[in-house]
Structures are given as structure tokens and as C-alpha cells.
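Each chain gets a letter, A, B, C and D, in the order it is written, and its residues are counted from 1.
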Amino acid sequence: MMENDKIHEACGLFGIYMPEGKYEVDVASATYYALYALQHRGQASCGIVVNDDGVMTAHKDLGLVNDVFTESVMRKLGKGNIAMGHVLYGSGAFTRAEAQPLVANHVKGGLSVAHNGAITNASELREKLEMEGAIFHSTSDTEVIMYEITRCRLTAPSIEMAVSGAMEVLDGAYSLVIMSPSKLIGARDPHGFRPLCIGTLGDGFVLASESCALDSIGATFLRDVEPGEIIVIDQDGLRSITTHCGQKPSSLCVFEYVYFARPDSVIDGSSVHEARLRAGAYLALEHPVQADVVIGAPDSGLDAALGYARQSGIPYGIGFIKNKYIGRTFIQPTQTDRENKVRIKLNAISSTVKDKRVVLVDDSIVRGTTCAHTIRILREAGAKEVHMRVASAPYLYPCYYGTDVNSPDKLIAHGHTVEEIAEMIGVDTLGYLSPESIQRFVPGCKRGFCTACFDGKYPTSVPVCKEKSRYLTKKSEAKKS
Amino acid sequence: MMENDKIHEACGLFGIYMPEGKYEVDVASATYYALYALQHRGQASCGIVVNDDGVMTAHKDLGLVNDVFTESVMRKLGKGNIAMGHVLYGSGAFTRAEAQPLVANHVKGGLSVAHNGAITNASELREKLEMEGAIFHSTSDTEVIMYEITRCRLTAPSIEMAVSGAMEVLDGAYSLVIMSPSKLIGARDPHGFRPLCIGTLGDGFVLASESCALDSIGATFLRDVEPGEIIVIDQDGLRSITTHCGQKPSSLCVFEYVYFARPDSVIDGSSVHEARLRAGAYLALEHPVQADVVIGAPDSGLDAALGYARQSGIPYGIGFIKNKYIGRTFIQPTQTDRENKVRIKLNAISSTVKDKRVVLVDDSIVRGTTCAHTIRILREAGAKEVHMRVASAPYLYPCYYGTDVNSPDKLIAHGHTVEEIAEMIGVDTLGYLSPESIQRFVPGCKRGFCTACFDGKYPTSVPVCKEKSRYLTKKSEAKKS
Amino acid sequence: MMENDKIHEACGLFGIYMPEGKYEVDVASATYYALYALQHRGQASCGIVVNDDGVMTAHKDLGLVNDVFTESVMRKLGKGNIAMGHVLYGSGAFTRAEAQPLVANHVKGGLSVAHNGAITNASELREKLEMEGAIFHSTSDTEVIMYEITRCRLTAPSIEMAVSGAMEVLDGAYSLVIMSPSKLIGARDPHGFRPLCIGTLGDGFVLASESCALDSIGATFLRDVEPGEIIVIDQDGLRSITTHCGQKPSSLCVFEYVYFARPDSVIDGSSVHEARLRAGAYLALEHPVQADVVIGAPDSGLDAALGYARQSGIPYGIGFIKNKYIGRTFIQPTQTDRENKVRIKLNAISSTVKDKRVVLVDDSIVRGTTCAHTIRILREAGAKEVHMRVASAPYLYPCYYGTDVNSPDKLIAHGHTVEEIAEMIGVDTLGYLSPESIQRFVPGCKRGFCTACFDGKYPTSVPVCKEKSRYLTKKSEAKKS
Amino acid sequence: MMENDKIHEACGLFGIYMPEGKYEVDVASATYYALYALQHRGQASCGIVVNDDGVMTAHKDLGLVNDVFTESVMRKLGKGNIAMGHVLYGSGAFTRAEAQPLVANHVKGGLSVAHNGAITNASELREKLEMEGAIFHSTSDTEVIMYEITRCRLTAPSIEMAVSGAMEVLDGAYSLVIMSPSKLIGARDPHGFRPLCIGTLGDGFVLASESCALDSIGATFLRDVEPGEIIVIDQDGLRSITTHCGQKPSSLCVFEYVYFARPDSVIDGSSVHEARLRAGAYLALEHPVQADVVIGAPDSGLDAALGYARQSGIPYGIGFIKNKYIGRTFIQPTQTDRENKVRIKLNAISSTVKDKRVVLVDDSIVRGTTCAHTIRILREAGAKEVHMRVASAPYLYPCYYGTDVNSPDKLIAHGHTVEEIAEMIGVDTLGYLSPESIQRFVPGCKRGFCTACFDGKYPTSVPVCKEKSRYLTKKSEAKKS
């Protein structure tokens, strides 16, 4: 459905290391194109840091990659042999200080860190650091990670051993790309919640959240980073630290396949598009219906809809046209524009659905509001029946691993039966994918899954309170001095 | 295929008239949303004119609707009971002075004109006007139209009779929306080259190039404007002048169904999406092939690909992912970014095409360059065979009715056989829709078609020279005084 | 005083002609710097047209020269051997369509016109043209001038003779810079209301409203254009048409010396700074007072204040600091910011005025509002007495020659005695320069003056009505068709 | 002379505290206007932090106050009862991360710090902090100050005692404005290098670098903060901590009077304008000359020029016109624009200087380049003799207290006699103010002066090395891990 009824993940990561003097690649441009390919993972802010022989030049701002990085900004970033970048999703309260990669100077020189995920014990770590005199410029977990690495670096023999040391105390979900004056480092938490893969480009190496970023710059996929693994790339090539591997059961976020990742990416051994086709097929097996056409909610439900159609034998159709010229400054219609009848961003193709029994497939339902709007459009275009099929299980529990659903209150599945939800969103029948099918719809994946949002089984301990609220909203507590 | 290998039409039109004091519609906002729905017809410039009791306020600029019309600009446009707008496609030499609607003052007050099409005798009319002392601020045909209407208005009893008078001398393709201090007028040339339809909104009326603009604002489709008809809307309601109707054989541009119009529009009685599905079906009948999957070139080939798949029984697949965050300021990769391997705007879904015999469907081939690029991406993603099917006939002759193909030199089909083209773009087999099928793929359409671009049979006389070149490029002739 | 209590003139003009292939001057850059030097004559819009061998490229917009002309815009303007530019003052209703130079195509090719002044019979000429079928894109007199030149060009042997022909019918104030594909032309109305001078730059020539524009680009002053003279510059060099010279008594606007021109300019033989020093001296002779310090209202009263101080023997002081970082986007303080006590744009230097008897000199008083504000600031800073001296006569009559005072209603001197004005603005005494002194304060000037704003003696017939209002405000008349 | 030949100070500070629920002042707007009045102290970046009952909202960016703070930004800052702001000067390498006020969270809640000056032992303090695990996001001394306050806060009973504790270890020049959730704090180093004053506004208090900021918002001057004093403002009103007062000899920077401060400010008991008039008078006494006119270099030399003229009896004149429309985006003329003859930013008034013996007064000469350019303009305008008088002593030694002159290499007075300098800049005679006169030209000032830039007598120990270079430029050292 529409984007504001979706859950959102917090990041896309990228890093590139080219051996000096050997291969002529513009590392800043490569990072730009790669971030552009990862833009679906975060539209709130973006940043690039270029490392020219130890001197780091950074540019970060709120906005999309191609708004923030103009030609003059790219010129200022200049040349270098290592670079890294980040795209981030964030809500309204979000400010420029949260943009990543974080760049700071510590006793051993410059350090740049980008993070995808969420640290479940960030609040405790932060409090401990503050008690020792630390100051924080942002509310992001990334600053906590940076502090922990810096602390370890005081005694560790190298930056990679400092990262390994920090991983001893960090709990939760984190894929990391880190740059020191002379090294590019990638790391993935022992559960492997968030993806991270390695590619080669000429004599150099790249790290990226998804393989589609490798394709965008002509790099070749090498392998995924293993859960708990630390990858070190420097003038001696690539090497791996596996101390933390195998400590925990792997718990890859299943929503990477359901919604987050781009269909052309291959994650931990499985094609995302293929997984979605299979989710649609399982859905057809579990929730069959007599109907005339199967359509997907654009763009998130298209793959699963095709899988449903193939399995069921009901013709696949193109049900909607999405306006592709939507931009940042688009003026929203007001209530008085008679919301129910205007079809500005999305319109139904009447000839596909009129007088038809329609199966509408989407990947998930979170709050249900824009879902209801989409169904109303179908009804007004003449659909005789609407049967909704959802390519994931009911979303019931908050996620603490880097998505933006913190509270169950806003989840339509929380406290409502499937029948009640069907009535609320206005469909004739509604079917969700069963938890069992979720465990098997990704063919050939090397990992176990985290399905805590569906079943409440969290692979880690859960945060006691959300620390961000302390700094941003509680006025009564704010006055301490 | 990619947009720079497409032909482009020159315009989208919209007008709205609300009876004063009766219905509370913000005519400027309605025009904004309608232009946004018509944005696919022109991305170079846009403009809105609001008429508040005879006082016209205009804003026009280069750029997309949601870049040009910010909230502060909308506030400045203010309230009114009549409004009209325009979106325009244009090439590089295009400047702000060409943006429409044109607004001018003449002896009877203000006048605003927006035009979709091209006047084939514009050069002769312009020369005649200049010899009488006229000055021109732009190179657009629209200024010629405005002059002719103004001339007629000196003796005609009303603005609509002046429009009718001007139609006596204007040759070629034109759909027009015109606004006088108290009236909204629509007109379509006697051949009916370009579409124009009428809708109702409460007690008011709207005019639009396509019905998708009516849907976007919640208006109800009333009927199409007939070829040669003049529609007059004022405080007495809507009336029709049919003097020019039936004078010429109707010649609706077939490319409106092939590529220009949005699939959710209904034009002159036929659904655009339905027409494209049928074009795909005829293509399957004429050019069958043994294959494993049918995919469409996004977004223009998707409908016809589905039609081909249904008819042939070969599974429909999703073959490509298009990056949807592309924006105006995107920095293009250079040649040295090894163009052939980077997949920034378009990437193949490997699991769909790898080791498969692929049928690739697109609506047309013009120059063939980005088409070749798309096919190369398929090959690199592992496609075993690529069979291209094109849902229109070979494009052989220049168009003089409002599209941007002026010369046959750049048309790949000009001077090459189908086999040669297949080799140039790198496919195993290539099949075009036959001219006979083109005449019947639009079911239920009330009009005859102009297919001059395929067969060279022009419904009107053809311009002797392109007048624009005189003002913009010929230095030697420019020095006359 | 502050700028919103000033009258404003409508224009600054500039043109440059470099013989082809001889001298390496970037004509677009030269025009940019020259307009920047003439910016004080108009801040509402600006425009540059570059002529490259007959092909004219233009850029115009609302705003200051250094906002409108960015480096990328300058690149687009490109190279050429002729160029011209314009800066314009305008009120709120002003839109981009009014920006100059006007550029149009007519039967003999391209034509570009820039105008400083106002045509007193524009309304009649426009009505006549409209009756013949002309259409107007703006409300500016410049479009009328362009039409008249175009009409004459149909029969005249050259563009300069067409200009001469147009001057037969144009009444009022006009200095013109005109560019045809191969010529640069300057002209001044027979009364010579507005200035225009000629300079040389290498082998080329320039035309400018004021000599300060010549200094800004390193050009050498040659001479002023004579009232009624037409200057033609082309590949044969510079020549003069004097048909219209000497037909009317010369009537140079005295406000050019009082306020409009920059102090470092020399106009029609006299230094502007020198004239203002002398105005201050005459003022001291006519209105002596016992006081401790003479200060000028920044920046318009500084020169006359120094002249008053020298003549009177009372010490000259620096009484105010003006904030020089004021910009377009400055947020105005609201009434509730207690307007009387805030000193954001202007602050008094307390040590100069505290417990002193202060003579405050300014060039003129128009509405009197900001003048009263300035005096209040002085009082609050501790001035014991404030004696205001004004370096021009009471402004009593509207100006029809290109300034923005159309109605006497807003003039504080209209209907009030000097004593009443003194009380209204809060000074102890008030003295204006006598009309007699005004006739002689400009030493060595070759022209007679227009002093109609002081004495109501208009050198020409006066417009019956202001035509602009017809198009922009009268709703009742707007509905003619 | 022109600004790029000036030394620059690093800051303007402002803070405001309004008792809750008592007085209706918009603290964000007041800070905006105050920063606008302090803009001359720094044009590189600016920032405002608003404190709404403990919740701090900040906005900072590169650029001028009225570019950075648009109406929408001001709306986002919102309401509050405490606010503070900062303007900063910086060189090219400067980035947004250096913009102040710094805002961070530490164990006791939010903290915001703004700083004017430079910490001479910052390098040592930073190294010590890093060895304890601290990370730094910027190269600014302000982050060191913030860390030291945070460290002390771990054990101190209140934020003000933490500030007092930090002052034990901080050496060098610092005026500070600090905001905790419930308090506004001001502090000045024991030498009192940089100014800071207190005003009242209704029932509230303000802190500002200069009194002109108080005038701009209608506040009343209360008194200067004493060297070493800490001012605490909270719901109990204003109180003072004087522990550090009287520890060191007071050393107010004499350049505050010579150039930095605005002429309408009163600093530590003396009017800046009055001081400059007296500097000019002393200069006339020490370096008399037979001449026809005294002019000041705009705008920095105007006050001293008037003082010289009054004392010498030589007439004061207005010698230059500075273009007041200069903006950020102004395109600089190239060398090939024949630099010596173009007068874009500054032009001489020929009638003032032609054939005259001219005394040119400026406040100081640093590098001498634009000074030479100004003199060349005078010569070309016809000045017969040019006698330069400088209202300060030769600038010989680097400043370590917050100005941007770090190295003596670029100082024209370093290694050259007065006669040599006169020849280099092209004047007939040159006279500097003697060090003795500098000690007495500020009448009634309560402080001793720092004149280290003239005599090398530094009131504190001097930094061993500039730490900034370590992070930004030394590639060889950057690779530590």
C-alpha cells in the first residue's frame, strides 16, 4: 500500500576500499550511486565520507541522495581511496545531527561509523558512559557504538580488535561499516539481524547492505558477511575475524524478504523476488478463493500477487496506476477536497476491476489506514468483490531491532480478530500467511529468522524503556541542574 | 524503455468553470491536482491561470508541477471561479517564454490560451502577421493561434465566434482550452488529432486532455469533445458550436493508445489499458515464439506484455526493477564508469530471467539506443535467448502533429530491415505489430486513426519548412537590420 | 531615511558593442558588473540579453542582480559581441512578465528593448494598437514602444529610422537601449528627462544610465547622449541621428541629483556628489540654526549634511549605524515587538547626539513615516533638540515621468504647512530648500530641469488616466466577452 | 579597507532568560534580532537554541542570520523561556560541525555552550581527554570547554559550580554563554579578553557580546560582566559568582575598539565611536601633514578619519562609494577583467579627490593587499598625493586569543620598515598610531588592554602547536590504526 502505512527500517550501508595507485575508481561517485540504489532503505537523511590518505571529508544532510549530493558537493568531497555512506529513515522529530556516518576524532585519529539496526542495551550503556563524563551530541545508538569502540581502542592493539571488544558489550541488531585512517571494516551482530554483503570491484572491495548496490556500480558479489563476523580490508587485502561467529542462533529479520529489500537483491543466499513469489503461492494454497483477477497493491504487493495468480490459476491483472511524479514538495489535498473521491497518487484501472471479483495482494498491513483507502478506490472503480490476501502474518508485537514500530497501540492486528480487521478495511474476505509458511517461504536461505513481530519471541533481551524519550519529550525530568 | 528513447507529445490541458457563489471548489488547487495527473504528457514546463471575476493571475515556469507550484505560489494565485492549466514537453533549447498558458491583453480584455498539437501552416500565418506589424515573444504556435483569435475578435460578436473564425485559417492538430474574462472554452480540430474530454464537478464543468485528470479531482466523466466542436461554458451553462464538425475524416493519433496516455484513462470511448492488452494479444498471434517467460520493459511495455502472456500461455514475469527515486538533479555516470556494467536506473531481476528464453515486450522503438542497453542488461543477468516484440509498427515517418520527431534520420527503422534492427539491438528475433492489427487493436473507439508515422499517409498538407529554426539557429539569416 | 519612504525610479540601462574578432571582452560579464553598479536604480527585477551573431539569448527574473545571475545562468548566456541589460523598480503587483529587456521577433528578425522613463500617451497608443488587433503580454510602456518601432520598421529602411519614426508618436520620458541582430542603439527623448551616457572600452562602445557603470568595468567616459539624439553603433563604429534634437526645452529630472543617482556618477556634466554638497550649503544659507552637530540620514542625506556642516561651521558628525547585513529574507519585527524601541536596521550613536542640539539633514521627505521613526530614535538616544533640513523643496505634485508617485494623497507636504509637518514628524524646526536654490545647486549642468514635483509645471501634456489600472484592478470592466 | 584584508574575531554571543508566565517575549525572535545586530562579529555560521521547559531545540548552519533563519525555521524553533545564539567567523576549511552553540546531552540532562575567544591550552586538555576515551566531533575549543564542564558536573552540586570548576583548568580567552535545562549562565575569563554585557528586558535578563544587540531588541543596558565573573540567571533572578575575579590583570583586546565592535556599542564603559574619533585625533597630533582633504576607508576608517579631520582642521570629505548590494553569490571578476581598472565593490568620488592632496585613514593594515588596491583607485581618480594614516600600531605578532591571525608570515609589518610598507602600498607618507597613544585613546575604559599583536607581550602562556592541523592536514600522522 502507500508508504505511510508501512514499517520502516533504519538504514542502508555502503563502503569501498581501492588499493592505492592501482585502480582508477572515483570512490565518492561509487558511493553516491550505491546509496542511490539503497535509497529504499531510508529517505530521511544520507551521508558520504571520503578518506584521502587518512584525511576524512564528510557531507551529510536531511533529504534524498540526489537532492543532498549536487555536483558541487561531490567536487568538495574530492578524491580518495576509501569511502563509505549511509541512508537513514527517520520520523518527524529527526534532525540533521542524527545523520550518519558519524565522524569523530579520538586519541588514535579519525573514525567514521555507520550503523543499521538498534542496540537493545543502548540506554544502559549510555547511562554508564555519562556517569564517566561522556557527552552526547545525538540520541542515536551509533554514538554509543562509537564510544564503546573508542574506549576499547585505548587498550586494543588495532581498530578491528577494538570493534571486537565493543561487540562484547553491545546487544541487539547491528550491521556496521567503519572507516579508520587506513582501513575499511564491516561487522554483523552474532544474530545476523540485518544483512551485509561483500563484493569485489577490480582489485578493490566493497561492503553493502544489499546486492542491488553492487549491481548498480558494476561490482561482483563475493559472499555475505556471516553473523558475528568482522571483515577487515586494508593494503594487505581482506581478512576475517570470526571470534563472535556461532555464539548465537541466527535470526535474520524476515521482513527483509517481506518488504524492506529490493526485489532484485539476493540476501543470505536467496533471491528476494523469488521469496515473494513463493509467499504468494503459499498464500494461494492456504487461502484460496473463487475470483476473476489477482492484482497487487503497488509496488509492494506486485511480486506476491504474481505468485498467487500462478498458483491459483486466476489471471494476473494490472489494477492500479501510481503517479510517478510525486515529489518532496507535493501539496497534500485537504479533507475538504473530499478525500474519498480524489485519486491523486493512486488510481484504479477500471477495465481491470469493473464488475470483477478481485483478489488484492499486499505484503503486510500495519495500521490499516491507507489499506482501507486503496480498497475504497477499488470499490468506486466497480469491483464486485474484494478479497484481500496478505503475504505475511498479522503484525502483533513491537520491533526493537531497527524498525520504527515501537508500540503495539498503532497495529491494527493488535486486539482485533481477522474478521474484525476485514470489516474495518472493507473487504469481503481476508487471509494472512500462516507463521509456518513464513518459516519456509524463503528457499535456500542459510539463516534462521527473527519473527518476533508475529510471535513475540525475541531472540535477545528487550529494552526496559526507550531512552530517546528522556531527552526529547519528558519536560518534568529534563530539569536537573 | 527509458524515456530518452521515446517520442514525446507536446501537452496536457485542463480547465475548470464553477458557477459563482454556488459551489465551494478551490479552482487553483483543482487545476494543480489535475496537472499533476497529466504530468506524463509533459515535464518541461507548466502553468496555471486563475480568473477572479475577470482579473487573471498567472504563474508559469520550467519544471515539474510539484516543483513549480509551492504553497506560497498557490497562495499568490488566490481564489477565482475559472482556472486553466497546461503541462508541456520541450527539448533543450526550450525557455520560460514558451511556457503555457499564454496570457495577453487585447482590445476586449484578457485572454488565456493553452494548446496541445501543432499548426502545420503556422509558418505562413506568422509571416503574414509579421508583415502587418505583429511582434512575437516566443516561437510557439500558440502565439499564432492567439493572434488569429484576436484578429477575429475585432469583428466577431463573441470570443467563441472569434475562435470559430480562427479555426477557418488554422491547419493541423490542435486541442485548445481558452479563457476569457467570463468564459471557459474548449475546442478540438476537425480531424480530432489530440484528445479532449468534458467532466462535471458539482454544478461546474471541467475540460481535460485525459479522463485520469477527472478521476484525480473526483469529477465525473461526461463525454469527449467531438472533432471540430467548440464547447462554451459560462453562467448559462455548457453549449456546443458544431460548425466545423464532420468537415474532415477523424484522425485520432494512434500513439495516444500506444504510449502517450495513462493506462487508467478512457479516450474517445476506449480504455487505454484494454487497448494495450489487445495490442499484446495481436502481437502474440502474429509473432509467436517458444519461450519461458514474458516480461515488459518498464513501464511502457507492461500492459502489452501481459496481453502477450495471456494469449501465448507463456508465464508473465517481472523482469526489471526501476529505481523510483530518480530526480531532476541526478548526476549521470560518465563513460568511464563503464557504462555497460552499471545498472543505476534499471536492473534485471536475475531469478526471473537467468537461463530462460525471454520474450521482451515494449510499445515502440524510436532510436533504439536505450532499447539496446536494456537488452544488454538482460543478457548480463543470464537470459539465454531474448525475443523482442513491439506493440506498434515500425516508426518510419516524421510527425507534424505535436510530437518531437521531426526528421527520419534518427529513426532506427528508417533504412533498415527488421533483421538488421534485430542485430543492431542484439536480440534473437524481433517482431512488430502489423499495420492491419493497429487499425483494430482499440476496441470500441469512435474515431478513425492517424497512422502517418507508420505509413506516411498524412491527413493534412505538410509544412514546407520548420519555422522554429529561423529564429533560433540560422545566424546567417538573422542579420536583417 | 529608510528606503520605503523614498520615491523610486523605474530603471537602469546598459548596452555594450564589441567589434567582432578584435577585442576579447566577455560582454555578458561586463553587463553583469554594470547592472550591479546600477542596482540602486531598481531592485525588483533584472535581465540580460546576449547577441551572438544575430541569435539572442535572454535571462530575466525578479530579484537582485547577484541573486538572478548565478554562474550557471551566466554560462547559459554564453558569448557574443553585443549585449544589453536592465534593472527595474516595481511595486508588489509586479510580475516576471514585466521584467526587461523585452525580447521579441518581428518581420525583420529579433529585437530587444530596454526603457527608463514613462510614456505619457501610452494609454492612447495602446488602445489604437489593440483596435488593430495587437495583443499585449504585459502592462509596461515598453511593449507599446516595441510595437511602435515594429510598425515603423515595416516601411523604414533601417532599425534606427524605425526608432526615429516611433519617436514621432511617443510622448513623455524615455531613455532607450535597443538591440537588433547587428546593431546597438541608444536614444533619449527630446526633453532629456532621464540620463544616458556613452563610454569606450577598447575598440568597442558602451551605453549606460550613469557613469558609475562605466567605472565599474574600466570603460572610459566619452559623452552624454543629447536630448532627442539617437546613437547607432555597428560594425562601422558610432554615429548619431539628431533629427529630434533641440525640438523641446531640456527638462532633466532634478531628482537624479537629489536622490536617484549614485554620488560617484557624473550626469550631463555635473558631479552628483558635488551637487549634493552644494544643496547642503544653500540649505545652511537659507535655514541657519544654532546647533552642536550636523548629521545626515544614512545614506541619502550624508553628502548634503557635509555641505551644511562646512557652510555653517557646525561640526559634522556620524549619527547613525545602519545594519549592512540586511537581506531579502529578513524577518520583520511585529508590532508586538514594541516597534518604537527596537533599532534593528538603524541605531543612533549615542555619544554623537546625547545632550546635543542636532541638525538632521536628508534629501527629501515623501510620506514622512520612516522620517518620524528616525527622529524618534534620535530623541531616545538623548538628542536635546532636532532641527531637520531637507535638501529639496516640498514634494507636492505627482510625477508622470517614470517614478512611482502617482497620487498626491500620500505626500506629507500635500495639504500641510511646513510647521504642521514639523509637528507631525517631531522636530523642533524644519527647513526645505527653496525652489530658487534648486535651479542653481547643480554647478555646470548643461540642461534645464524638470521640477514638476515641486511646482506642478509639467513639460508635457499629462496622462488622462493610468492605463495599468484597467487590466489589473477593475473587475467590472474586465468582462467584455 | 575591504574585508578580506582584515583580521577577524571568532564570535558574537547572546542569551535571554524570561521568567515563565510573566512576560510575553518571543525568545527565539529576540535572539534572531540580536544575532543580526552582532552579525559583524562573524559571518561564517550562526545558530539558535530554544529551551522550552528543559527541552532544547536547535538550528545551526553555515551562512548569514537572515539566510539561515527563514520563517519556517523560526516556526520550528518554537516558543520557550530561555534561548541563546551565536555567530561565528571561519575560514574555508570550516564546516557545519563547527557551528555553535554546541548542544549535547550528559548525565544531568541537556547542555548548550557558545564561546567567543580561544583556549591556549586546548591541545593539552584535548589530548588528556582523548587518553581517557573521549571522542570529538569537531576541532573547536568549545567542545573541549563542554567536556571540562561535564567532567566537573559529575561531582559539582550545580551547573554553575561545574563552570567554575572548568575555569580552573581553562587558559586563554573566553566569554561564554551557557544554557542548562533551567538556567542561563554567562562567564568571562579572568583576563577579560573578550567583552560580555548584561541587559534587562521587562522582568527578564539578556547577555550579549556588545550593547548594540541590547538596543536592537529594546533591552536596557545593566552592566558589563567583570573579568572572571560568572553570572547565573534562573527563576530566583540574577546572581554573581566572583571566585575567579581579580586573579589576573585585566587584558581587554584593544582591537575591539580599533575594529571589531560596532561604533554604536559601549564596551566596558567606553563608546566605541568616541574611542575611534580619539584615535584619529591622536594620529593627527603624531603624524600631521599639509593636505586638502581627509577621507576614511569605508567603513572601518570613517570614524578615525573624522577625528583626524577635526583635530587637523583639514576638511573631512566623502571619498568612496561602496556598493551596498554585494551578496553571497556575487561572481568575482577574473584577472583578465583587468583588475586594476575595474571598480565593482568600491569606487572613488572623483570630485572629492581629483588634484587634491588626500589623507586616507584606516583602522589597521594586516596583509596590505586590498589597501594597495584602494590607494590605486584613489590615484586613478586623480589624487595628487596620498598620505595614509593608520589608527593602530603596526601589527607584528600572531594573536592566540580568538582572531584568525596565526602566523606572522602574512603580516606586511613583519620584517618591513614603515618606509618600505609605504612604498609597497603606494603612498607618499605613512603614519601609524604609537603604542603609547593606544594605551590612552579609549577614554574612561575600566580595563587594562592586551596589545600583544603590537608588542608581543602575551598575558598568558602561548600554545606550543596549533592542534587543528593534526586532524585536518597531516596525512603522515593520520594513519594510526
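Quick note on the criterion: a contact is a pair of C-beta atoms (placed from the backbone, for glycine too) under 8 Å apart; a residue touches a chain by one contact, two chains touch by 3 or more.
Source: prediction; values computed, not measured.
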item	value
Set of chains whose contacts include both subunit D and subunit A	none
Most distant chain from subunit B by Cα centroid	D
Distance from subunit C to subunit B - Cα centre to Cα centre, in angstrom	47
Where subunit C and subunit D are represented by their mean Cα positions, the distance between them in whole Å	38
Centroid spacing, where centroids are CA-atom means, of subunit B and subunit D in whole angstrom	60
Residues within subunit A bordering two or more other chains	none
Set of all touching chain pairs, with the criterion as stated earlier	A-B, A-D, B-C, C-D
Contact set on subunit D toward subunit A in their complex	52-55, 58, 95-97, 102-111, 127, 130-137, 139, 146-147, 150-151, 153-154, 158-159, 180-183, 471-473, 475, 477-481
Subunit A residues touching subunit B - in the complex, by the definition given at the top	24, 29, 32-33, 36-37, 39-40, 43, 64-67, 69-71, 74, 212, 215-218, 262-264, 266, 271, 273-274, 299, 302-303, 306, 310, 315-318, 321, 323-331, 333, 336-338, 341-344, 347-352
